[in-house]
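Note that chain A is present in both complexes that follow, paired respectively with chain B and with chain C.
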Partner chain A sequence: MLDYLASLAVFAGIYALLGLGLNLVWGLGGMVNLGLAGFFAIGAYASALSALHLHFPLVAASFFAMLLAAAAGALLAVVTARLKGDYLAIVTLGFAEVIQLIAGNEIWLTNGTDGLSAIPAPGRGTLSPLAFDLSSAGIVWLVLAAIAAAFGRLSAAPYGRVLRAIREDEMVARIAGKNVLSFKIGAFSASAAVMGLAGSLYAAYDGYVAPDSFDVLVTLLVVLALTAGGVGRMQGALVGAVLVVVLTEGTRFFGGLLPGLSALQVASLRQGVIGLFLLLLLRVKPDGLLPERIRVHPLDDEGETTR
Partner chain B sequence: MGPTVSRRAVFGGSLALPFLGRSGFAAAPIPLGAINPLTGAGGAYGPSMAKVAQALTARINSTGGVLGRSIALDIEDDQTNPTVAVEAAHKLIDVNKVVAIVGTWASSVTTAVAPLCWQSHTMLFCTSGADSITKLPHHGYIIRTQPNTYLQSGRAAQFLLQHGARSVFGLSAQTPFAVDSWNRLAAVLKTGGASGAGDIIYDPKQISFRSEIGKALAAKPDTLFLNSYAPDLEILLRETYQAGFSGNRFTFAYAATDAVLQALPASVTNGLWSFAPSPDVASPAYRAVQAILGINDPDPYSCQIYDHVSLVVLAIARAGAASGVAIHDNVRKISQGTGEKVSDPVAGLKLLAAGKEINYEGASGPCDFTPSGDIVSCKFLFQVAENKHNKTLFIS
Partner chain C sequence: MSFLQALVNGALAGAVLALPALGFNTVYAVLRFPNFAIASIATAGAYAGWIANVLWGWPAPPALLVAFVAAGAVGATTDALALRPLRLRGPLTAAIGSVALDLLLQNALRFGFGNDPRGYDLPVFRDWRLAGISIGPQEVEDAGLAFITMTALFLLLRFTRIGKTMRAVADNASLAESKGIDPARVAWIANGVGFGLAGIGGTLVALDTSLDPLTGFRVLLSIFAAAVVGGLGSIPGAIAGAFMIGIGEELSTLALAPTYRTAIGFLAILVVLSFRPRGLLGERAY
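Presenting the complex of A and B:
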């Protein structure tokens, strides 16, 4: 049981990292980046390939993955600088599809749909499966804690305030003298880097990457997790990721309690229950479990904000 | 005043209902896992696979189980996605403590789950086709009942040679087996004096294949080998017809579905050859699968999972112990060799209990395995499209 919980902790941590990355661009910057699975894949493949062919240790492979994902993020930010809302969502979703297609078709590099297996990771093969799962969970959550703290600082810092200003009204931010494009590029790269890091940890933990792993399902799960947890709050990403994993995995255990249903009915019911729960949650708490808190300065008698 | 029954008692009793009727066995049940594609791309096969596994397990349990223990089968949905499958496998291995996992279908799912299995000494029985699977360092913990690409393409090439193909061009959807498949086909064609005129791997999500077809027809082949799925096959058939190709076309039966044949005019599809590894339709085990599903032509994967469950229980009985290691060490002792041939796992259990040796021959075929876990041989079905339907040519 402990192995299983540890493996769930690893997956929850990886989803939370993806959620944090998404929160920076979407939650703070208001840019709907559905290219998440693409950055996740770039990170996973960069890490897996550098570990397999160049024998990079996990730390180096992860830095390489972050670098490559950040570069892709910057590029995407430049290309989509003038897009907003649905249009940005469509283009970024397309980006993720392109990455998945490249992973599936550039066989010389990615081994095609066969995927890359036997990716090395610290402790794989030498530790027992339980110890490996526990140590992986430890590594993932340590990294997660560091990133969450850093993003929390960033969110409270002037940088975060500018991103929020861009989210609320890009024109106002520009008039206030902020270089909107450079902030967008910065946020996109930082977010992509964290998603790439999540990909690197995923590749190392799973030991296997294939294009199938980076379909739109990942993006959906993380968007759901962040929406349920609370967009704009870094803790929201963490709570949401844990919630989604608890929901998807917890429902596995109810199948046995429903006699007379076929396996397909149980599987379908399970996905229905997950969907229903998230719908109800957002009906009751539209801003998620941990809504964003924006400090508002009270007005004085003359209508000016107090200092 | 009559007996009083509190609402609480009724509620409590109804909660306990699912747990009734499981007794009758002295020892704890043997946990067995199945990971099936109940939803997602494999959703056409997973549900019937699960049904067969459940029905066979129930039958074995109702006839006394194995080693005096019942089998507790837990079926998990992998959504045809390797990440979901890994989570499901963790649950089965770590929480249910299963001795084996049966019925993984997609190659990516099997490849993702395999390391968890061999590291935890859990046997993995799969129906996936990618050659790379049995080349993994699995230490004997993978058994595959699906013929690999090598076996399939070799047989396909023999068929084409017998039917006069001299120059074959391959158009293959990008899949884990596209390259291996073509290489083996071309190699066998060459030994028969024919040749591979060339090959192209295409992205199956395209809505037109005109440029690929243009390249293929420029090589002037007499036969096209269409390594496709149903949606892209439909487009390929229409566009090669429009391009004026009049030679033979050969594809896989899972692509040449009735839906494809119905969607196109008969003049386009007539003469399309297709083939598939065939279950052993003469086997009593095959009839058992027909009875479970209530249909005449169960798919190969449902037949294979019937054999997976049979092999698991027979290996456990032969070993006298229920563990992944016991199955690993005994699965070939009950599936091949000189023992008495059996197709019914319950009959096999009786023979084993009587101290006899057995050789299980299943619904999917002889179930004889190489040291790396591949099947040695199986039967193939060849068919031809005629007036919007597939007509069986022969099974051999």
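Presenting the complex of A and C:
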């Protein structure tokens, strides 16, 4: 039971990291990124490959993963700098598809759809399975706490204010003398780096990466987590990630209770429920459980405290 | 494979791709958001066509009509139930909702039909050979049916009152509403027509490849590419874009592994948007 809970904590932490990354670029910067599964995949493969072939320890492999993901993020930000909402959603979704395609086809590098297995991680094999799960959960949540603190700081700092200004009105930010493009590139690559880090931790913990792990479902789960928690606030990503894990695991539990259904039907019900849940959430509570609080200047007598 | 052969194959594939791309752009033109659920709605149409063809024993043309009606009904109903309330929150909320809707529909299909690929019950012909180029009669028939459908759409938009209403809303939604056009009614029609086209397109794609819950999803990137390259929401743009992407994908197989053909679409999106952020023909609907 405890090792099950520990593994849930690891996955919740990984979703929370992805949520934090998405929140920086989407919540603060207003740039939708439906390609997060792509950055997650880049991080996971970079970490797994450097650990398997170059015997990088987890820390070095994670830095390598963050570097590659950040580079991909910067590149995508430059290419999409002039695009707004709809187009950005399409391009980023397409980006993730292409990454998955490459992961499935460059067999010499990624071993294709069979995936990479036996990825080393600190403690695997030397610790008992329970101790490994617990220590992994500890590592993931320590990393998460550090990133959350850093992003919380960033969000309160002038940098976060500029990102919010770009989100609300790019033109105003530009007139105020801000270099919008460099802020966009910065936010995109920082968020991609965190997603890459999440990928690295995922590869190390799971010990196995395959293209299937990086389909659009991951993106949807993280969007769901962030929407549930509240877009724009860093705590929202944490709360949302825990909720998503409870939801996915809860449906696993109830799915097992349904009589007369094949395993495939149960699996499709569970995935369908996730889609349904996101639709309902967007309808009923689009600002999430912890809506972003916009600070209003005391002299602003318009009295607009909610947006 | 020769260059000319790839060109012919690409043109035939482009004609089929044009249908879901037209559907995507029709919906975008009227409702102003990208509806990603088109992937699973096209698949739903393909299953409806399969039921008509295999279970009822109907030939291809009436089976395609069934696909049109079924996909149009699924698309219009799910939009009214799930996505219309989200549009009030902005196009992006609706777009994200449509990804969730796609997941829901895809899994509903998987629940009902399973993952195993299904085959249609159609006669198999030998390829025709003309001056060293082989052409499949099935592909030619698919392209012909696609052309007939496109012509019907053109006539609908150009000459009927429904078409005129749709064009008016696409051009200026608030002006159209002030003239007494009911936006909800136009949304039903645009979704019905747009996703109906996607249903036919999905069936033709499934005829050519295979039918399983991911049939539509596998061509989603190509649909995006055709729509964006031509110009989001543009009807002639969708057709031009579809032929460019269809031919581009086939030509790419001369140099790249065939599995990368859909990546060509992504590349085309990036190149075109870098130079023309609103696509080759712009966003004007018609």
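The rule we apply is simple: the second predicted complex is superposed on the first by the 269 of 307 C-alpha atoms of A that agree within 3 Å, B and C clash if a C-alpha of one lies under 4 Å from a C-alpha of the other, contacts with A are read in each partner's own complex, and residues count from 1 in each chain.
Rule of thumb we're sticking to: a residue touches a chain if its C-beta (ideal position, glycine included) is under 8 Å from a C-beta of that chain, and two chains touch if they have at least 3 such contacts.
Only a predicted model underlies this, so the values are computations on that prediction, with no experimental measurement involved.
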Original post:
Of the two partner chains, chain B (first) and chain C (second), which one does A:M171 touch, if any: first, second, both, or neither?
Top reply: neither
Original post:
Which holds for A:Q271: it touches chain B only (first), chain C only (second), both, or neither?
Top reply: both
Original post:
So, does A:F11 touch the first partner chain B, the second partner chain C, both, or neither?
Top reply: first
**OP:** Answer with first, second, both or neither: which of chain B and chain C does A:L217 touch in the superposed model?
**Re:** both
Original post:
In the superposed arrangement, which partner chain does A:N105 touch: chain B (first), chain C (second), both, or neither?
Top reply: both
Original post:
With the two structures laid over each other on chain A, which partner does A:A263 touch: chain B (first), chain C (second), both, or neither?
Top reply: first
Subject >> Footprint overlap on chain A, where chain B in one structure and chain C in the other make contact >> reply: 101, 104-105, 217, 262, 264, 268, 271
Original post:
What does chain A use to touch chain B in their complex?
Top reply: 1-4, 7-8, 11, 101, 104-105, 107, 112-115, 117-118, 129, 206-208, 210, 212-213, 215, 217-218, 248-249, 252, 255-259, 262-264, 266-268, 270-271
Original post:
Across the complex, what residues on chain A touch chain C?
Top reply: 32, 34, 79-80, 82-83, 85-87, 89-91, 93-95, 97-98, 101-102, 104-105, 216-217, 219-220, 223-224, 227, 262, 264-265, 268-269, 271-272, 274-276, 278-279, 282-283, 286
Original post:
Which part of chain B faces chain A closely enough to touch in the complex?
Top reply: 17-18, 36, 38-39, 46-47, 50-51, 54, 74-77, 79-84, 86-88, 90-91, 93-95, 106-108, 111-112, 115-116, 119-120, 130, 132, 136-137, 174-176, 178-179, 201, 203, 205
Original post:
Considering the complex alone, what residue numbers of chain C touch chain A?
Top reply: 28, 33-34, 36, 82, 85-86, 89, 91-93, 95-97, 99-104, 106-108, 110-111, 114-115, 220-221, 224-225, 228, 232, 257, 259-260, 262-263, 265-266, 269-270, 273-274, 277
